[in-house]
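Next come two complexes built around subunit A: one with subunit B, the other with subunit C.
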Partner chain A sequence: MTDKVSLARTLQEVFQREGLDGVIGYAAGTTPLRPRPTVVTKPEAFDSLVFDGFCVQNLANYLHRHRGKRMGILVKGCDRRAVRVLVQEKQIAREDLYLIGIPCPGMLNRSQLLEEYPGLQGDQVAEEGDTLYLELSGNRVTLSRVDYLLPTCRACRHRVPDDVDLLLDPLPFTSPEADGSLADEVKSIAEMEGEERAGLFREELSRCILCYACRNVCPFCYCETCFTDSLQPAWMTPAPEPDNIFFYHVNRMMHMAGRCVTCGSCEWACPEHIQLRLLYGKLVADVEELFAYEPGLDETTPQPLSHFSEHDPDEHIG
Partner chain B sequence: MTRTNTSDSLWILPADALPAFLSALAENGELWVPVPVGEGARFLPYREGLPIDLTQTPPAHPAKSILFPHSEVLFTYHRGDDGIPALTVPEFDSRFLVAFGVRSCDLHAINALDAIFLKRSVPDTGYQQRRERLRVIGIACLSPAATCFCDRMGGGPFDTTGMDVQIVPFEESYLFRILTEGGNQLLNPYLDYFQAADEGAIRKIAALEEGTSLQTGQPVDFEDLSQAIKTHNDDPYWEDLANACLGCGICTFVCPVCSCFTLVDEGTPRAGRRVRAWDACMFSTFTKEASGHNPRGAEVARVKQRFFHKFYYCIENEEPPGCVGCGRCVAQCPTSIDIREVIRHYQREGT
Partner chain C sequence: MAEQAHKTGTSSWEPRIVAFLCRWCSYAGADLAGVSRISYPPTTRVILVPCSSRISPYHILKALIEGADGVLVSGCHPGDCHYLTGNLLARRRFILLKRLLAYLGIEEARVKFSWISASEGEEFAQLIREVTEEVRAIGPFHGFLREVPGEETHDG
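This part shows the complex of A and B:
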């Protein structure tokens, strides 16, 4: 999507001019529609960088590994917000970073494409503006990009990263307006009877194998010892039984209140395609409703759940 | 590779008779089948009405869970009012255990698991009792996935290693090819469900076998690969992989050979249980010691460990290689870390 040559040239120039230790971006993967995150540290290696509609993974997650170094990082809207949350939480220093912003057209749903076009390979997909072209053995299929957006991207209100050091040219696309599809999904689940709702999540989570891909892909899961790994006390055990699985997901979710930027990386990384957006969508909606707060939009407004004010409402204490 | 010939005992089961046959089989033993769960299939104990997926090649989750469950209670304990603790060990089934619809890759993996759980100094009790009861009705792979590379790792789509019976899906039926005396004993009581295969069917299946090829490269020379990996401990290539790796457990959990586990005790001083559960060398806590020291504290050390174990330590220990070419880790890694690429990277030119 983004012209590979100009991307390489621009980032290489930034790397040298700014004297960066490395640039975090995406390289081509070996499996269809799956780029591989990479850190470029040599001027001659910038040719490996790519950016297309499958660069879903939030790169801010990798910043923890490069603390204290001066890093360039490619940021979409959600990566930018995640970086801001990490700065706010004093995990990284803004001045160590050089943010290269990409106005994001919304990322594409790999599973949906592979289900509809089994065996689809990366080099058969071309993105041009709002259109997606699939070159299928002599047969060109034209699709509308918006029909293949990830559910979280469909609902995204912050596609263009703000306050970056360099904003790459807007891509030749018409960014679709954020729609209410995720909010509608969350609302319909919130309106379910308790037992029905519990059943839905029991069913979804029954597939969980406790591989922790959702935790490890998340920029905000950086605890030195996760509660899942604590031995004294042992809050849970690694057996993939319903109690452990439920305990894990509910607790991880609780730790995300006021922090989750709805990047969708957790659902995207899940090998079992568990619809984690439904849990996190509800959490984000609740924080917005209760505290009028959206994470990662500015550094000065404190996170509602890590901040105490004398004026906090306390009627519930009675 | 076993070619179809008329001297095999060949039987045809119409597809619509499969549920009845499986139900009958399940009455006399423990039967595991590939079941669609979410978008991937996993092996689960058969019960009537359970959907079966014999098309996913290979099923998203490996057959190792039949012999080595993701979690297993080793014993429970209970302290009575007299204060004397009593230990209860789960009772094992003594009937046969049939793994149905298992593919060549998973059977090569069981061969590797045998080396780990049976052939080292003390055999593993749970694994051993399940393994001894195991009968395998394997299945040929007519449509290997783009990530399959068993042909380079000693297997093949029609390979019958480890199978007592091999089934070949064909038109609206399955050909059952009895390969061992165990397979013969297993199927013999149920031959009423089958028809003897005629010449025409045999010819068609032979053509299917001829037409199914997986040619992803030359068989891997494991001695060479092991030497190459051993001598590239500090290769920057490992850093490239580590820069992407999330340190999650997907690759090891979907690997049919990975067999590391952890032991946990649950409960109170009065009552509880000891559980064995899969662990993953990709987890940062895997090697963390009580002192706080972690010999594989860096991501790169963990990424390296996976490949060093599979392609160097296994070979050095004269055990089967730790990879059978099922491609599950390749297909499921969110960051596209690819064991085929590692093999290519360290293979000598021309091999």
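This part shows the complex of A and C:
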């Protein structure tokens, strides 16, 4: 999508001019339609960088391990917000970072494409503005990009990263308006009968194998010892049994309260395709409704669970 | 055994409720109920905690996993916290947890929050009566993400 050569050249120029220790970006992956995060530390290695509609994974997750170094990082809207949350939590210093912003067109749903076109390879997909071309053994399929956006990206309200050191040129696409699809999904589930809703989540979460991919991909899961691994107290065991699975997801959600930027990385990383957005979408909606707070927009406002108001809702106290 | 009795309607089943009580208010309130000889159902297992904000979702979920049918967390009234702000911080956590659990299909009565002061012995007894009745009404807890035994088991 972004011209590979000009992206490499721009980032390489920034790397040398700013005297950075490295630049965090994406390189082609070994699995189709799944670019992988990479850290480039040598000027000659910038040619490996790519950016296309499949660069879902939140790169802010890679800042912790480069703490204290001067790093450049490619940020979409959600990566930018995640970086801001990490700065707010004093995990990284803003002055150590050089943020290269990409106005994000919304990322594409790899699973949806692979389901409709099994065996699709990365080199068969071309993006041009709002159009998606698939080269399928001689015949060319034209698709509309907007029909293949990830559900989290469809609902994104912050596509263009703000307060960055360098904002790359807007890409030749019409940025679709954020729609309320995720909020609607969450709302329709909330309106279900209790048992029906329990059944839905039983079905979704029972598939969980407790691989912790959702934790590992999340920029905010940086605890040295996660509660899942704590042996004293041993809150849970790694056996993928219903109680453990439920314990894990609810506690992880509570840890994400006021922090989750709905980047969709967890759902993207899940090998069992659990619709984690339905959990985190609800959490984010509740935090917004109860505490009028949206994470990652402002470093100076404390996170909702780290302070309080005397006028907080009390209706849940019986 | 107890669960089976509940299912077959012989109802010798009594709910088991874990009550996390803050040491400055609610625990003293329970104490007052005791010394005042106020009777209330013997369904609770009290765990003394320094403050309601000491309780995290870990404790609440773990209690349910380990066999509780209901969990009660009780602390000082807002403004009366021994540590000034503990219960106000806890209040924010609890409302989120309560909403998430409801969203995931857990009966609302399983987890209850309340404020009881050291002088509210009767209120404490009343609270335990209410919680016991509410948990009794929804029956034993079978674990998370498990199918609730169907209606037909009630007939058998």
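Note that the second predicted complex is superposed on the first by the 307 of 318 C-alpha atoms of A that agree within 3 Å, B and C clash if a C-alpha of one lies under 4 Å from a C-alpha of the other, contacts with A are read in each partner's own complex, and residues count from 1 in each chain.
FYI, a residue touches a chain if its C-beta (ideal position, glycine included) is under 8 Å from a C-beta of that chain, and two chains touch if they have at least 3 such contacts.
Small disclaimer: the values here were computed from a predicted structure and weren't measured.
Enquirer: Of the two partner chains, subunit B (first) and subunit C (second), which one does A:38 touch, if any: first, second, both, or neither?
Expert: A:38 contacts subunit B only, not subunit C.
Enquirer: Quick check for you: in the superposed arrangement, does A:243 touch first (subunit B), second (subunit C), both or neither?
Expert: Second partner only.
Enquirer: Where does A:138 make contact in the superposed view: on subunit B (first), on subunit C (second), on both, or on neither?
Expert: Neither: A:138 stays clear of subunit B and subunit C.
Enquirer: So, does A:287 touch the first partner subunit B, the second partner subunit C, both, or neither?
Expert: Touch partner of A:287: subunit C, not subunit B.
Enquirer: Based on the superposed arrangement, let me know which partner A:19 touches: subunit B (first), subunit C (second), both, or neither?
Expert: A:19 contacts neither subunit B nor subunit C.
Enquirer: Which of the residues in subunit B end up touching subunit A in this complex?
Expert: It is residues 37-40, 60-61, 70-71, 146-147, 240, 243-244, 246-250, 253-254, 262, 264, 266, 275, 277-280, 283, 285, 299, 330-338, 340-341 of subunit B that touch subunit A.
Enquirer: Tell me, which parts of subunit A touch subunit C in their complex?
Expert: 189-190, 194-195, 197-202, 205-206, 227, 235, 242-243, 245-247, 250-251, 253-254, 257, 279, 282-283, 286-287, 290-291, 304-310, 312-318
Enquirer: Hey, which residues of subunit C end up touching subunit A in the complex?
Expert: My answer: residues 56-58, 61-62, 65, 78-79, 85, 88-89, 91-101, 103-107, 112-115, 127, 130, 143-148.
Enquirer: Where on subunit A does subunit B make contact in their complex?
Expert: For this pair, the touching residues of subunit A are 29-32, 34-39, 57, 61-62, 65, 111, 115, 119, 207, 209-213, 215-217, 225, 229, 234, 237-241, 268-269, 271-274.
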